[in-house]
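In this document, chain identifiers A, B, C, D, E and F correspond to the written order of the chains, with residue numbering beginning at 1 in each.
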Amino acid sequence: MLTNYPKLTDAEIGSTLSRPLLVSHIEESTDKNGNAYVKVTLKDGFSDVTAVMFSTSTADLEARLIKAGTVVDADLTVSEYQGNKSYKAANLAPAADKQLSVSDFVKLPPVDLEVMYDEIIELLHSAADSCNDTCTPLSDLAIRILTKYKDPYMKSSAAISMHHNLIGGLLYHSYRMVKAADALCGVYTSLDRELLLCGTALHDIGKIWEYDTSETGDAAFTSSGILFGHLYMGASLIKSFTNVKDQAPYHAEKVRLLTHLILSHHGTQEWGAVSCPAIPEALALHYIDNLDARMYMFEEQYETLAAGVFSDKKPFGLENRVYRPKY
Amino acid sequence: MLTNYPKLTDAEIGSTLSRPLLVSHIEESTDKNGNAYVKVTLKDGFSDVTAVMFSTSTADLEARLIKAGTVVDADLTVSEYQGNKSYKAANLAPAADKQLSVSDFVKLPPVDLEVMYDEIIELLHSAADSCNDTCTPLSDLAIRILTKYKDPYMKSSAAISMHHNLIGGLLYHSYRMVKAADALCGVYTSLDRELLLCGTALHDIGKIWEYDTSETGDAAFTSSGILFGHLYMGASLIKSFTNVKDQAPYHAEKVRLLTHLILSHHGTQEWGAVSCPAIPEALALHYIDNLDARMYMFEEQYETLAAGVFSDKKPFGLENRVYRPKY
Amino acid sequence: MLTNYPKLTDAEIGSTLSRPLLVSHIEESTDKNGNAYVKVTLKDGFSDVTAVMFSTSTADLEARLIKAGTVVDADLTVSEYQGNKSYKAANLAPAADKQLSVSDFVKLPPVDLEVMYDEIIELLHSAADSCNDTCTPLSDLAIRILTKYKDPYMKSSAAISMHHNLIGGLLYHSYRMVKAADALCGVYTSLDRELLLCGTALHDIGKIWEYDTSETGDAAFTSSGILFGHLYMGASLIKSFTNVKDQAPYHAEKVRLLTHLILSHHGTQEWGAVSCPAIPEALALHYIDNLDARMYMFEEQYETLAAGVFSDKKPFGLENRVYRPKY
Amino acid sequence: MLTNYPKLTDAEIGSTLSRPLLVSHIEESTDKNGNAYVKVTLKDGFSDVTAVMFSTSTADLEARLIKAGTVVDADLTVSEYQGNKSYKAANLAPAADKQLSVSDFVKLPPVDLEVMYDEIIELLHSAADSCNDTCTPLSDLAIRILTKYKDPYMKSSAAISMHHNLIGGLLYHSYRMVKAADALCGVYTSLDRELLLCGTALHDIGKIWEYDTSETGDAAFTSSGILFGHLYMGASLIKSFTNVKDQAPYHAEKVRLLTHLILSHHGTQEWGAVSCPAIPEALALHYIDNLDARMYMFEEQYETLAAGVFSDKKPFGLENRVYRPKY
Amino acid sequence: MLTNYPKLTDAEIGSTLSRPLLVSHIEESTDKNGNAYVKVTLKDGFSDVTAVMFSTSTADLEARLIKAGTVVDADLTVSEYQGNKSYKAANLAPAADKQLSVSDFVKLPPVDLEVMYDEIIELLHSAADSCNDTCTPLSDLAIRILTKYKDPYMKSSAAISMHHNLIGGLLYHSYRMVKAADALCGVYTSLDRELLLCGTALHDIGKIWEYDTSETGDAAFTSSGILFGHLYMGASLIKSFTNVKDQAPYHAEKVRLLTHLILSHHGTQEWGAVSCPAIPEALALHYIDNLDARMYMFEEQYETLAAGVFSDKKPFGLENRVYRPKY
Amino acid sequence: MLTNYPKLTDAEIGSTLSRPLLVSHIEESTDKNGNAYVKVTLKDGFSDVTAVMFSTSTADLEARLIKAGTVVDADLTVSEYQGNKSYKAANLAPAADKQLSVSDFVKLPPVDLEVMYDEIIELLHSAADSCNDTCTPLSDLAIRILTKYKDPYMKSSAAISMHHNLIGGLLYHSYRMVKAADALCGVYTSLDRELLLCGTALHDIGKIWEYDTSETGDAAFTSSGILFGHLYMGASLIKSFTNVKDQAPYHAEKVRLLTHLILSHHGTQEWGAVSCPAIPEALALHYIDNLDARMYMFEEQYETLAAGVFSDKKPFGLENRVYRPKY
C-alpha cells in the first residue's frame, strides 16, 4: 500500500484528489437522456470508490489503454449527494510511475503475509506430539496441507461481505486464532495443544474452494460453496490427505478429532455446525473463531470512529452500536 | 414374528401369560433389604417388557443355560404399579420348541426386507440416464453402493428413539421414500428422476455408521455418529466411490448434485443441514423424508388408538395429539 | 399469451422494442423541475415493466383513447439506470390489430384452466366413498362448492406477492396438489383418498375472499383477509354447505375432518395453523402444500437462470440460492 | 366449600385428619406382591389428595355404598415419602351429615357465580350502542348468546391444567376481564366500549366445546377441541347467531369486528391467533386476557407462600420465581 | 401548535403552501453538476418536511438571519418524485408575525403538560401508604424524584423512533399508564396501589439520561444510553435517593420492590428485562406499558387512515396491518 | 480434602465403606408403614450421597451428638435400586480422629484459594495504568473492592446448579478468566489490559449477594438475586465505590466502561445482558466467560468418563454429548 498519497477516505467534499489509483472495475451506463457514461471503481489500497466519468465509453477508455487492472493517474472530485460523498473522475491515464503495480493498491492485513504463514508453520512444528514413534504427528499432516495449498491459503478472503473481503483475510484470521489458541493453552493446560493449533490453522481451509477471490481481493461464492459449504470441503480435504506412503500412519484418533473440529467449529446447528463440539478443543476453537471475527469488526469500526463517539448503527454481527472510549 | 401366541401388549393386569419369549437383556440388582434379584428384558416380536425375577441371580440363570439371546418358555404375571403395568417372570427354561430362533422375536417392517431391497434396485435401474454413452449413469453408482453395503443397509435401524428402532428400519424408510419420489416425478415432470431416486435411496446411508444396531434391533450411537453425523459420512461415501477403473467416469455434475442432496436433506441449518437445498430435487427429498417419518409416527399411534379417540399426549415430532377417525 | 413478438424480458439495454402491449396502470407525476410526465405499466403476458413518457399527461392519453386496460402499439426504449434496466415509452396508439384483447397479455399457468378444473372434478368423483348408501359422499360436497364458486376458483391468484400473482394461480396450485395427493395415496395406502383429495382441492378456497384479483391478475388483500384470514373463511364455507335438503346428510365425521384439514394446513401455529394436524391426511396436505409452493419458486427461478449458474440471492421462501445444473 | 374443618393442605406429616370428604375417583391396583389395594381421590373444596387403602377392593367399597361422587367420613393419615406427603385412608363410610352434597366439596371462584354472571350482563346492557335505531346493538347479540349458553358458560373450566381447573373458571376469568376492560375504557376513551366489553365477555366462549368439565371441576379436551380449537368455534358461534327474525339486523361492521376480536385474542400466530389484532380493541383484549391469566397465577402462588419468601420454582407461564413481599 | 394555517400533511401535489414554519435543520449539498443547494427541515407543529432550496447556501441564509431555530415565512411547492411528495422551498424570510416562537411549531401531546404532571403527583399523594408512622411512604420518594427532575421529565421524548419522538412523550406515556394502573387497581384489589402507581410514574425515568431531546423534540441516544440502558439508570436513581436526613427512612421493602419494578418492566430477558417480574405489580406494570405503547401506535395510524380502510403495511411493533372501522 | 480414604464415588454395589464423613443434612421421614427413619447427607470432599438409617430419629441422633455439621465415623452399605446406587448408613458416631474438621470434607477448586486470590491482585497491580498522575488507576478501584470483600469473594459459589456449586467457585472462575484475559491481551494488543483484567476479576462480584453459599458449599438464590440479578448488583457496587476521599478521583471514563463490562457480560439480551457489548473489551469478557464455564463442564464430565467413551446425555449447557479421546 502506498502511504505517500492522501487516502480516498480523507478526501473532503468539494476537494479534488489527484493521485495514482487502481481501476478494479468499469461499467458502461446510459443516463435518463440516453447519453452514455462510465462508472469506474478505483482503489488506493485502503478502500475503494465508484466514480462517474461523463462523455466517455468503455471502448474509448480501452483505446486509451485503460481497463480493469490498470494503474492510472486520475483526478477525483468529491461532491455530496443525498447525504453521502459522490465522485467524478477525470483525466484518467496510465500511471506515469511505472514502478506501481496492482499489489500497491490492494488492501492487505496489518501483518506481512509471509511472516504470518511462517509463524503458523513454526507454531505447528512446536506443537507436534512425538506419538511415541509409532505414528506420524498430526502437526505434520497440517503442515503438509498448508505446504501444498500455501498459495490459495495466503490469498483467499475469509468472508464474502465487505468486512473480511481482502487478500490474505483467511490467513490473517487463521494466524491470530492460532496465536490465541496457543495463549489459551497456557491457561487451560489440559487442552491438547497440537490438536487445537492444527484445528485453528485449518478450520476454514475449505474457504479456498468456497470463495473465488479476485486479484484485487473481491470474494464471490463458487457453486461448490453453495452446494457443499466450507465445513464439508475442509473435512473432506483432511480425509484425502490421510493415506500416505513411506511413513508411519498419522495418529488415527487425532485425525478423527481434527475432522470433528472442522465439522463443529460453527458451534451449533443453528449456526451451521455439521456436528456439535464434543471435546473441549472443539468448543475452544469455536469461541476463538467468534472472538477473532468480532475483534476484526471492532477494529474496522475504530478506523473511522472518533474518541467518545459511537457508531450510527449496530454493525451486522455485533449486538450494539460500537463506542470508542474517550481516552 | 410368531402370531399363534397372545401378544405382550394384550396381557391384562391380574393375568399370567405363558409363552416362548426372547431374553434380550439380563441385569442383576439388589433390593432395599440387600436381597439379590434379576431383571430380564423379554421380547415377543412386537414389543418388549422388563420383568422382575426374585430369589435368583445371573449365575443361577446361566447355570440353567439362560442368557441374553436365549429363547425361553416363561410365565409372566402382570400386576399394576403406580398406574403402569408391572411384570414378574417365573419358571424360565430354554424353549421346548427347538424350531424357534432369535429372528422369530424381533420386530420387522410390514414388507419383506428382500422384496423392498429388490424393488429399490429395480427402480434405480429403471431411472438410469443413458448419459449419451459418454459416462456411467448415476444409478449405477447408487446400485454399486447398495450392493456392497446390502447387509447393513437392510439391517440398520433408522433412528435411535423407540419410533424407528427396528431391524430394517432404514430400509423401510428408504423404500417408501423411493416410491413416493417415483410417484411425485409423475406430477412434477421437470424433476430429474434418476437424481431424486438415487437421493432418496442413499440419503440416510451414513446411518450405517452413525448407529450400532444390535441383533435384536436396538440402536445406539457410535462415536463416529457423535463426532461426524450421518450427513457427512454419507457424502464422504459417495466421494470414495467415484473413482472407478475400467469404466467411463460417472456423470460428474450428477455426482456433485447427489452429494448435495445428502448434505442438504435436513432442509435448514436449524435442523442440521450441512448446506441448504439449492435445486428442486433437494427440496423434494427433504419433504419426502419429513412426510415418511411422520406417516410412520401416525401409523405407530394408530396401532393402539381406538376409533374416535385421541392420544393422551402430543407425540414427540408431531404438532398435535393424534386423532383416529370414527369410521 | 402472444408468442410471435419478442418478450419484454429479452429486450437488451440500448435497443428499442416495437410491439403491442397491455396498459395496466397509468400514473401522472411531476419531475424536480415541475414538468409533468406519465408512468405507464405495460404487460406482454409474461412480465411487466413501468416506462416513462415525457411531455404528456393522463388527460392527453385519454384524448388518444388510451387508459388502463387498453391494448396499444408502443415503442419501448431500454436504457440502464443504477444497474437496472430503465424504460422510455413513445408513440403509443390503440393497437392496429383489433383481434387482440386483454386476455392476450395476461400471464396464465402452463396448463389450460378448464383442463385443470375438469381434472380436479374428475379425480374427486373417482375418490367418492359410497358411504354404504347411508350418507352423501364428501366428494359431492367438494364438487358442489367448486361448482358454485367455479368462476372465482379459476380466476383467483394464490398469493399476494409477485411469485404466484397470476390469474389462475389458485387453480394451478390446487390442481398440482390434488395430483400429488393422488400419487402419494398409491404409496401410503392407508390414507383416506377421498378426504385428502377434497382437502387439497379446497384447502385455499378461502383465498377467494382473502384477495381481490384484478382482471389483469394483480392480487390485493381485502379487509376480510386482514380481519379473518383464509383458513377461517374456508372452514366457515364448509360449515355453510353442510345442511342440504332432499338428500342424505354428508358423512358427518368426514366433514369434521375436512374442516380440520383446512384449519390445520399451515402445519404449526408459528405458520398460522388454527389447529395443528391431528390425522395423517392433515399432515400430508401440509407437506404437499409446501412442496408445491416451493416447486413453483424453483420453476420461476429457472425461467431466467442459465445452466451451471446460481441466483444472485436466496429467494424469499427458500433456504439457499438456487442453482441450475449444468446438464 | 366447608370452612368448619381443617383443610387438607394444613394436615401435618404424622397427623390423622377425620372429616367429611368427597370421593372423586377410585382405582384398584395390585402391589408388587400381588395384593389388591385401592387408591381414592378425595376433595375438600380447596384441593385434593390421592390416598391408599389397603386390604380392600372397588367391589368391597361399592358394597359399602362408596363410589366416585359419594361424600364420606374418613380418617386420613399423613406420612412422608420421598420428600412429599403420602396419605393412607381408613374407616370410610357415607357421611353422617346428610346435608352435605357434592357441591360442598368443589372448589369455586371467590365471587358468587350468579353475581358475576349478572354483573357481566348488566355491563353489556350499559354499553349497548343505540345504533341510531337502524340496527340491533352488538350487546344484544352478546346477551342473547350468554342467555342461551348460561349454564355451560357458568360451569366450564377456563383451562385444562391445574391452574384454572375449576368449576366457574371460564366465568371468573371473563368477569374480571370485562371489569378490567370497563376500567381501561375510562382511560383510553377512544376505544369502542361496547365492542370491547362484548369481546372480553365472549372471547373464550368456544371453550364450552373445547373442554369437558366434570361435575367435580376436572376439565379434559374434547375431540372438537383437538381438531378445531376454541377460537374457531367461538367465531363460528357468532356467525350462527347473526341471522335473526323479527328484529333489525345486528350492526354488521361490529359483528365482523367482534369475530375478529375472538379470532385474534391470542395476539400472535406463534401463540395461536387465527388473525392478528388489527384494531386497538383487539390488542386491548389480548393484553387484558394475558394480564388476568397471570394475576390468577400469582394469586395461586400466594395461597401457599409466606411473606418474604419466594417460590421454589418458576411457575409455568411466568418468567421468574414468585416473591411474596414482607409486608 | 398553530391551527389557523393549512397543515403540511394536507398540502396536495402541485400546490404551493405559504405559511410560517420553523426551520429545525439546514444542510448544504452539491448536486451532480457541482452546484451548491440547501436542504431545510421545516416543522408546523404536527409533522416536518425536508425541502430543497436551489441557488443558495448556508452562508447566504445566515446573512438573511435564517438558521436552525428561526421561525420563517416560506413558500413551499409540492411535487411528486418516485411515488412520494417532494418539496421545494422559496422566499424564506424571518416571520412577519413576531409573536410566533419555537414552541408554536413543536408537536405536543394532546393533554397539557402541566395538567398531566399535576395529576400524576396528585395520584401519587392519594396512594401514599401511612406506613404506620414508622417510615416515610414510597409515594414521597416518587414525588421527591419527580420534583427534582420535573423539567426533564416533562420534556423528554419517550422513544428514539418517529413514533413517540415528541416533547412531552415520556410524560404523556407515564401519565396514561398511571391512570390505567389506578383503574386496574379497582379490579385487582390485592395489588399494592402505592407501589404500582410509583412504578408506572417512574418506570422510564432513566430515559432522561438515555436520550438527548432537542428543543424541537428530536431524540437521540446518549453514550450513557448505549453503555447502560434506561433500566439500570432508573434503578440507580432510586438508590441514590434512598438516604435522606431528618425523616423516617423510606419503607425499605417497598423501595426494593420499586427497584424491581423498574428493572423488570420489559417483562422478559429477550425484551431486555434486567430481572423478570416476580410480583404481580411488576407484571401489571409490564402489560400496562405494552398496552399504552401500542395504543399510541394505533392512534398514530388512525390520524391518517380513512374509515373502512387498512394501512399499507404492518407498522413496526404491531402484528398486523391496522384497520379503521367503517363507523 | 482427605486423600487417604476410598472415595464415595469409588464404592461398588454390594460393598460397605467405613470412613469419616461430614453430615451436611439430616431429614426425618416416615415410610409407607408409618415407621420413622432418617435420611442423612454425607460428604467426603469430592461428592455427596444421601443414605437411609432405619430405626432411628433426629432426636436420637442428637442425643448421640450428631447433627448437620458433625464429622462422623460411619459404615455405608451400597446397594442398587432402579439402576442407581442406593445407600444405607449405620453405626454413626462422632469421628474418633479429633483433628478432622468440616473443611476436610468440602469440595474445593484444584488451586489453593489464597494462591488464586493473590495472583489476581498481582495481575491487577501489574495492569494499572499510571493515569498520568491526574487520576487514581482503575486497578486500584478493583483491588479496593476485592480487599473489602475478600472473604465472600473467596467463598462464594459461582452458580446454583451442581456444576459450579462449590466453595471457591466464584474465585476459581474469576481466576482462570483473569489469566485467559491476560493471555489474549498478548495477541490482541489494542485491548485495554487494565480494563479487561478489572472486568474479568469483577464481572460476577454481584453473585456474592445473588447466592447464599453455605459452609459446606451449597448455594441458593437470595431474594435480592431473584429481584435484581447479579449484573445490576455488581454495577451498583462499582458506583458505590467511586467516591473516595483523599485521593485523585478514579479515571472517570474507565469507571463507566468497567460498569458497562459488568452490565454487558452476558452478551445478548436473550442471555440477560443489561446492555450489549459496545467495546471490544466487553465482547472479549463475554467470550472468556463462556469459554471458562464450558471448559469447567468438560472437566467435570472427564472426571467420570473413560477414554474412547462418550457421555450418556448431552450435558445441560453443551451442544453435544461429551467424548473423551482414546489417547
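Rule of thumb we're sticking to: contacts are C-beta pairs under 8 Å (C-beta built on N, C-alpha and C of every residue); 3 or more make two chains touch, one makes a residue touch a chain.
Keep in mind the model is a prediction, meaning the values are calculated, not measured.
Student: Taking a step as a move to a touching chain, how many steps at least join chain A to chain C?
Tutor: Between chain A and chain C, the shortest chain-hopping route counts 1.
Student: Where among D-E, D-F or C-D does the A-C interface show up again, with more than half of the contact pairs the same?
Tutor: Same contacts by residue number as A-C, out of D-E, D-F or C-D: D-F.
Student: Check the residue numbers that chain D and chain F use where they touch, and answer same if over half are used by both copies, otherwise different.
Tutor: Mostly different residues: under half of the interface numbers shared.
Student: Using the stated contact rule, I'd like to know whether E-F or C-E comes out ahead in C-beta pair count.
Tutor: Per the contact counts, E-F leads.
Student: Let me have the rounded angstrom distance from the C-alpha centre of chain A over to the C-alpha centre of chain E, please.
Tutor: That pair's centroid distance is 44 Å.
Student: Provide the C-alpha centroid distance between chain A and chain F, rounded to the nearest whole angstrom.
Tutor: Taking the mean C-alpha position of each chain, the two centres sit 41 Å apart.
Student: By the touch rule stated above, which residues of chain A touch at least two different other chains?
Tutor: Only 226-227, 257, 269, 275, 278, 310, 320-321, 323 qualify.
Student: What are all the chain pairs that meet the touch criterion?
Tutor: A-B, A-C, A-E, A-F, B-C, B-D, B-F, C-D, C-E, D-E, D-F, E-F
Student: If you look only at chain F, which of its residues touch chain B in the complex?
Tutor: 13-14, 77, 79-81, 86, 308, 310, 320-321, 323
Student: Can you tell me which positions in chain C touch chain D when the two form their complex?
Tutor: 224, 226-229, 231-232, 235-236, 239, 256-257, 259-260, 263, 269-272, 274-275, 278
Student: Applying the document's contact rule, which stretches of chain D touch chain E when the two form their complex?
Tutor: It is residues 176, 179-180, 183-184, 186-188, 190, 192, 251, 253-254, 257, 264, 267-269, 273, 275-280, 283-284, 287, 290-291, 294-295, 298-299, 310, 318-327 of chain D that touch chain E.
Student: Report the residues of chain E in contact with chain A in the complex, numbered from low to high.
Tutor: Against chain A, the touching part of chain E is residues 27, 29-32, 34, 221, 223, 226-227.
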